[in-house]
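So that you can tell them apart, the chains are marked A, B, C and D in the order they are listed, and the count of residues begins at 1 in each.
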Amino acid sequence: MVTYFTDIYNGLLSLFVGMGITFKEFFKPTVTVAYPYETLTMCARFRGHIELVPDEEGNSKCVVCGLCEKACPSDCISLAGEKPEGGKKKELTKYVLDFTRCSLCGSCVESCNFGAIDFSKEYNLASTRKEDFIFDLLKRLEEKKK
Amino acid sequence: MNSPIVLQPDETFILNVGPQHPATHGVLRVKMEMSGEYIVNAETVIGYIHRMHEKMGEVKTYPQFLMNLSRMDYLGALGYSHCHVLVVEKASGIEVPERAEYIRAITVELNRIASHLFWFGAFVMDLGGFSPLMYALQDREHILDMLEGVTGSRLTYCYYRFGGLYNDIDDDFISAARRFIPRMRKSLVKYRKLVTGNVIFRKRLEGIAPITSEMCRKYGATGAVARGSGINFDVRKNEPYSVYPEFDFDIPVYHECDSLARYMVRMDEIEQSLRIVEQGLDKLPGGPIMPDKKPKMIKPPVGDFYQAVETARGSFGVRLVSDGSKNPYRLKLRSPTYSNMHLFDEACRGMMIMDALAFMGSLDLVIPEIDR
Amino acid sequence: MSLTLLNVLFAVISAIAFAALNAAYLVWAERRGAARIQRRPGPNINGPFGLLQPPLDGIKLMAKQLTIPGGADKVLFIAAPVLAMFPAIMSFVTIPFSETIVAKNMNVGVLMIFAFAAMGGMSLVFAGWSSRNKYAMMSSVRAVSQAVAYEIPMLITTITVVMISGSMDLMEIVRQQSGSILHWNIFPILGNSHNILMPFSFLIFFICTLAETNRAPFDLGEAESELVAGFHTEYGSMGFGLFFMGEYANIVIGSCLTTILFLGGWNCPFGLFPGVWWFILKLYLLIATFIWIRWTFPRTTIYGLLNLSWKILIPLSLFNLLFTAGLLKVF
Amino acid sequence: MICEKTKLALQSLFPEPKPEPVNIVEGASEVSEKKGKAPAPPRQDGLLERDYAIHGYHLDAQVSPDQLLKAVSILDAAQFFIESITGVDWINDNQLEVVYDFSRYDFDVCRVVIRTRIDRSNPVVPTITNIYDGANWHERETHDFFGIKFDGHPHLIPLLLPEDADFHPLLKDFKA
């Protein structure tokens, strides 16, 4: 009989304690960010899709060794290059990233010995078409140059 | 509660819970044979998001497989990566710098807290309480921000490398982690008042779904499920790996065997993980994060290797059969929830559906990790 | 004759308008309140403070296709949402908001409200039964046992109040409580019963109101983590909308009744300036408590719910009834 | 401690316990298929003690399929829990291997691996679901991936693969 009433009392008490917690939370400021209206800055190491790093003249540092292509677990990268006439080094003619398959592991960036690729900070990537995610990175680099 | 009822076999009906059901947290399906609200029989159907990670492991080279591990369990990804790098390092005899091991331990424990916090929120939501999920996510957000600052991603990390780490931690991380610890302790008090002490919550879990230690053994249950059944088993203590022997922490064990015991184990584990993080930050040695002689190609010698670690969900093991080439000959991933989920069929017999679903929540299921 | 008809028509229309407006804006209040508790902003984009959200939601719901599952009992399936809304609106007719604002006062107002409240449970049964869905079916079975279990302590508590007031007229019950907070039925120290157990009675009544209106932590009918959406699993479009509005209309009715029976209706706590604003204030404070409770507690189990009713609420309310009867005899 | 006991118990399965030398050169007793060398013969049945620090387990017993139930019963009696069951396709030996992992809820660590090898053309092993209930899913999974039939299994239908799957992806000659 005594436990019957103490159970009721303790139960009710625990309910009021819980309500006290939510009451306090009610008056605390909100913590969320209204996303499309406000955005957070991405941290320095954020890993977006990869991008070609320009040298001082705005050209790609890539020497077309193909290590990134080999390192990629999902075959996202396809690149090609050719030696210009009279030139010594190979020059990049094509660098396509198939972002639909990329899992952002960063193997390509690690494998590059020339610092030619790096992560971008882009995350606002949304589209209903698959083709929008096949990036021509060389073209992006040239656009950046302008 | 589990009052004995006489069931007439022709009075049952089949209730198809899932693959799209709010309580299954993913694409899990349970075919329940019901008599009213009581479950007569249940058959779990899994494999809806099976991706054949083990075949991928055979096709890809060792470093290429690194990122697959975090896709197994998206909530506690680092523990799984840890196991994979450990077994390969053990097999090929790569020495890991001490600093790297400390950072691994710190990040794994932070990830474990994040995973438990998410589970806590989702579990209370299974029981119908919404606000704790939001509070848990607020705390978890701090961990994700910290880990994002170091690893570059928020959920499916690809941070550990054979021999060390991808990135060193910076002062921002250390100060954020130090600020996080007292904050989390304060939150734990809040959760205790709001949820653990709540009479409705306790009444729903006390004595529900008892799992005996014998049943755990027969099914190979590990993690909080085993520890809630009075089994003192945690791979971090039983088979110490990495730098865990350096840390002073306890393994919470509860002998009630019910859903509340499993809940209490996880909540206590958050506190223990905080202790490990605290000690790890205090003891953090300097030095490199990758060995000086970084092996160019990972080619473990011929042989058969096994490594288990304690992830947020239990004992995760990787069996590596190597034939000396750059691809594994066989890579078996032993996932803890696979075994934990398996005992659901037997344990939920005779339970009411709402208790069974609360029990399912207390198992801490992550479906991609079961299906692999 | 025609004037009376016009009167009734006006009363019904204003009741519907009040119920509908309340339902719509309580959804907004609930979402904002829940958001504040969870430290989010809540709906704040459409209109100032998101106040245009409810009408836009309504338009969205109305624009959706009304589907009837194959094999469903069509008549009951369509009747159920109407039945959810109709009793709630009818109950508004007899609620006295103040000395003058009442659509049609009756001397058996309490009885009428309870009669309509019993119909509310029926709509859940119809919806669950006719949907031809196992989850909905289980939910409707729960709804029946819940309704039966909670109407008993609720009625017993109401009888206690009716005994004190000596009337079933809602106006009369409020008039009996006129004066300060100490005259109200919740702390009737200066009232005519001097019953010190009345606060418990109030608590029992409040819990029963929560259960009767299928609100958390007693929302077993629509327990979304087990029964998907319970009785309205198969409802879309305005069918769902009506259930939703019916739920909120029921909350308003329940809070109105609590205000009238225990909190002195339109009386001021200090005995000054009685008026409709006090009624409205108490009403919305109670509704805020409903929302506050919903976003704090997890859901009970069906057996926990029945245990609470049969083992705690009914014995306590019966004891209180006897105690009050004894007190009334003595004083 | 428990390792010694289990070792003795398992040793009794092999009638003439030839003193197996614990090889210092790791992997010498295992199948290697390096190019240039003649493929080593498949491992014979027997009990090996392994270096825990390198391999991650203590005892490694290869038994014939008929001895499997006996070996598993020994472990069951010694309070081992089932960790996993898996297979390995040794296509060069034309054999399939079923690997059973066991461990204990104890601070006295002992991990035991039981293996059994069967012919690739007729892969049948007895089920251990009668001893360990938890073997049910593991065996179904192994059946999915390798096509190994578990004799006496109560419900041997695809678990992870689609219900109409008639392929076994982890076989080395599987082509997607």
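Here is the rule we go by: a contact is a pair of C-beta atoms (placed from the backbone, for glycine too) under 8 Å apart; a residue touches a chain by one contact, two chains touch by 3 or more.
What you are looking at is a predicted structure, and each value in this text was computed from that prediction instead of being measured.
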Exercise for review: Averaging each chain's C-alpha atoms to get its centre, pick out the one most distant from chain A.
Suggested key: C
Exercise for review: Give, as an integer number of Å, the spacing between the C-alpha centres of chain D and chain A.
Suggested key: 42
Practice item. Determine the centre-to-centre distance between chain A and chain B, using the mean Cα coordinates as centres, and give it in whole Å. Key: 25
Practice item. Could you grab the centroid distance between chain B and chain D? Build each centroid from C-alpha atoms only and quote it in angstrom. Key: 26
Exercise for review: Would you pick out the residues of chain C that each touch at least 2 other chains?
Suggested key: 37-40, 295-297
Point to revise | For chain A, residues contacting two or more additional chains | key: 15, 18, 21-22, 25, 31
Exercise for review: Scan chain B for residues touching two or more other chains and write them down.
Suggested key: 131, 135, 138, 194-195, 198, 200
Check your understanding: Which pairs of chains touch one another in this structure?
Key -> A-B, A-C, B-C, B-D
Revision key, fill the gap. Chain A residues touching chain C in their complex are 8, 15, 18-19, 21-23, 25-32, 34
Practice item. Could you pull out which chain C residues touch chain A in their complex? Key: 33, 35-41, 44, 292-293, 295-297, 312
**Study point:** Of all residues in chain B, those that touch chain C in their complex
**Key:** 1, 13, 15, 21-23, 34, 36-37, 124-131, 134-135, 138, 194-195, 198, 200-201, 203-204, 352-355, 357
Study note, to complete from the structure: Touching chain B in the complex, chain C uses residues 34, 37-40, 134-135, 138, 141, 216-217, 219, 223-226, 228, 295-304
Point to revise | chain B-touching residues of chain A, taken from the complex the two chains share | key: 10-12, 14-15, 17-18, 20-22, 25, 31, 43-47, 71-73, 103-107, 110, 119
